[in-house]
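Here chain A shows up in two complexes: once beside chain B, once beside chain C.
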Partner chain A sequence: MKITELLFFFMLFTSVNHAQTKDFDFSSPINIKKFADFLFCDRDYLRAALEYERLISSDVNDTLLFKIALSYSIIGDYPFAIKYFGNIPSPSSYVNAAKLELIKTYYLMNDYYGVRSFYNDTLIEEINKYQLEGNKLFNFSYLFTKDELPSKEEFLFPFNLSEKNEVSEYYDWKQDPPYKSSTIAGIMSALIPGSGKIYAGEIGDGIVAFITTTVFSFIAYDNFKAGHNTRGWVWAGVAALFYAGNIYGSVAAAQVHNAKITFEFNDGLNVFLQKNNYYTPAYGFCDEN
Partner chain B sequence: MVIKIFFFSILIFAVSGLSQTDWVRWEKVEYSYEKPNRFCQRDYSFDTESASGFIAKSAVNTYWYFFSELDGDNCPYSPSCSAFFVQSAKETNIFQGTLMFFDRFTRDYNIYKRYEHYPRVKDGHYYDPVSLYTLDEDKIEYIPPSVIIKK
Partner chain C sequence: MVFAMKTNYIIFLIIFFESTSFAQNSFDEQFNYAVRLYESENYFDTVTELKRLLFFNSNNEYIYRAYETIGKSYKQGTKFSDAIRYFTLAEINAKSVDEIYNSRIEIIRVNILRRTTGRAFKLMDSLEADIRFYDKIDEINYWRGWAFIFADDWENAAVIFAGIDSTTELTVLAKKVDDDLYSVSFAKTISYIIPGAGQIYTGEYISGLLSLGWNVLWGYLTIKSFIDERIFDGIIIANFLWLRFYRGNLQNAEKFAMEKNLIISNKAMNYLQFEFNGLKP
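Let's look at the complex of A and B:
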């Protein structure tokens, strides 16, 4: 019996303690890199970046820096992404891609002035494919701000034929957005209660505003007509408040309508940029050979 | 026998203690499915920071105490019309706040396709904040109706 127990525990502990008998150095740079690459391709970008960062203390190379920056950019840690993209050394094959990624990062931070100043500072002197893509992003940034647009010819210049139609539509929209005038909305509601709301696209609100103002005005009129002056003034006051509130609300409705239009336009622009991956190239880090 | 228990205990603790230390981060959370009842958590205090706020809050406290408490939580919006009045009077002034309130009151009557206009708060109310109506375009932050507001 004792021999059986002894054998049982012997087997148990040997299997637990020596399950992996191979002498494996998990902390060697090559294994850290393999693990980091695995995490990167598994889209575990934060942990991939941390593993790559373990390596750069001993072996700094541009691919590592680029992958760290890319990881931070993807997970939305933009200050770190900017820091690492900016550290890519000049003779590297990733330097132009890093510049484009930096512009993309400024886009993701909604820093459109950052996009322009970075492009002007860095890419303007180089004539290559990346400058052309950078120029597209540079021009696109004007669509997100209230700044005056460049001429249409200048704006469309970097885009290829297949893109020109869609980009041209965005340009035209930006030149003449389908906004509603808050002044017109206010005046319309002053003339016919609710009409300003209908003009601003709020048909239901406009009809309700017309009904409430009309009903309370009629009640006031009816009371005055019947000689109930006190009640007449009370209802006239209520009608006046609904009337004035509706004029105010029509002006506000036009502003909200314009904000909605701008939101949808910017949303469309973002979808367009995402579809084109912000004109950054595919790196093929995770392509299987 | 003692040795058996000793080894058995080591085995059990080794397995349970070191099996997967990472799981603590993913442990279940206690989640309540109760609908938050903001209606019973009203703040009846009077605002003393601004005259507009004080006047509006006094009127709203009176309305809450004599009418709304009896009537129930019927306003479809968040903030409710009365809370909207107080907030708008605080953010602007009593006159502009009153106009904003009457405009909101008009919108309150409109039951036509609200779901296409307003995003929903988690508790089901339509989100319609004061910031959209102060006439300050910089304060307007449009939120599409498809978004669920978490607050």
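Let's look at the complex of A and C:
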């Protein structure tokens, strides 16, 4: 009797044990979600997005869609990010964050007109907790394009006091960029060799261009004067080359200067926006880890 | 009493056997599924499935192999930093000396592939100094030879491979490449003596003759200026024209030698990548 009982319990135990281990379901929605959350917090965003997408047919919710969109945004797959952020349903706690994230995504795609049209179409009418952040991003987009800037007062309005000084500097820079005219640089160097380079900020190069062109021209003149025509022509050719090169170099120096100014300006803006995470909040999805 | 004890003992053994033999079954399947994915060169999914296995059962018996296979998959996908991270995890979870050795060799191979050969050499030195691996010297040297190849040091690669076996394909190839390479310092030196000679040495005959021509012209005009007692002209021609072309000739000789060497090295690397059948990093 005792043996029979023991055998019964043994059978029961092993069958339960087998059911729990042998048939562990990796594909159950709850396990997929657990694994996707792990991947998301492990910053393996592509795999996280793909795992979350497996849940869409069985357990679609706004958090899930938001996390998928966020994952795609982080890995730079912006079309998918836009698609999923756009699919967040309207009565959802993530709907406004999704709109802000959409603006950020347009920024990351360098689509500043997209930023403005999206803001105008969706955010400007709504007063909610991300309205101010959206307004900041909207205003910032003008600094990246050649469009006319809004008035300074209007531009600085959404920014808080600690930001206003820095943003004001960007605004002034954009309003009156310290560019150099390549035409003026070329004309200056045609009149006085090297002066165009000095105007474009390359003082050392300008002085060298002035000295070399002048010296070579003088040597050419002196050789012709002394009757050494061959050497005279050689030096005249060299002087002409240096003269033409000095004009071309001055025009190029002005263009390089302007490109550098534009690059530094845009780089500064991007660093500022990245530092502020494009005014998007921290969502705390992985805080418990 | 004896009968009861025996029965209990048998039941205990059966339960123990049952639980140990079946407990990992679905994890077995998951691991085997990942291995099949790896074998079918689906490296992205291999990583996903092995990560899934490790996430749900981090104490399973496959932990070393799972980390190692993830590392190999990342390596196949040229995600070298991730590969090294997972090979390191494999090493941490290794249960035998062989597993430690294999994971370290994998880390070395990835370092060779991503051309962080300095790191690869350091790791190989530490492996060589470890008495547990004294019987693996030839294999360590084999990878050392590869590291020299990736460091573009074919001469040392040939020496190392010859130390293992002087008749192997790698030994012959490394020696041939080393013989074919142009000497950059020789190209420059002969260009110092005869402008254009370095270019001609590297097979760039037209460039060499042009360089010689320019230097002869400006040299002639410089000397002529001094003969004509136009000292200032002579100094300026020598300084701005002759020296400029003379320096250009030296730079060209060096550049051509380096370019030709790069072509020779790349051709050899191309052969190793696509036609060499032996073990590669």
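Just so it is clear, the second predicted complex is superposed on the first by the 255 of 289 C-alpha atoms of A that agree within 3 Å, B and C clash if a C-alpha of one lies under 4 Å from a C-alpha of the other, contacts with A are read in each partner's own complex, and residues count from 1 in each chain.
We take it that contacts are C-beta pairs under 8 Å (C-beta built on N, C-alpha and C of every residue); 3 or more make two chains touch, one makes a residue touch a chain.
Treat the numbers as computed from the prediction; the structure is a model and nothing was measured.
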| item | value |
| --- | --- |
| First, second, both or neither for A:N246, with chain B first and chain C second | first |
| Partner chain in contact with A:F263 - chain B first, chain C second, else both or neither | first |
| Which superposed partner A:Q255 touches (first chain B, second chain C, both, neither) | first |
| Touching partner for A:D205 - first (chain B), second (chain C), both, neither | first |
| Larger contact residue set on chain A - chain B or chain C | C |
| Chain B versus chain C as contact partner of A:F38, first or second or both or neither | second |
| Footprint overlap on chain A, comparing chain B with chain C | 212 |
| In the complex with chain C, residue positions of chain A that touch it | 2-3, 6-7, 10, 13-14, 17-18, 21-24, 26, 31, 34-35, 38-39, 44, 47, 50-51, 212, 215-216, 219, 222-223, 226, 228, 231, 234-235, 238 |
| In the complex with chain B, residue positions of chain A that touch it | 5, 9, 12, 16, 202-205, 207-209, 212, 241-242, 244-246, 248-249, 251-252, 255-256, 258-260, 262-263 |
| Residue numbers on chain C that touch chain A, as the complex places them | 4, 7-8, 11, 14-15, 18-19, 22-27, 30, 47-48, 51-52, 55-56, 221, 224-225, 228, 230, 232-233, 236, 240-241 |
| Chain A-touching residues of chain B, taken from the complex the two chains share | 4, 7, 11, 14, 96, 98-107, 109-113, 117, 132-133, 135, 137, 140-142, 144 |
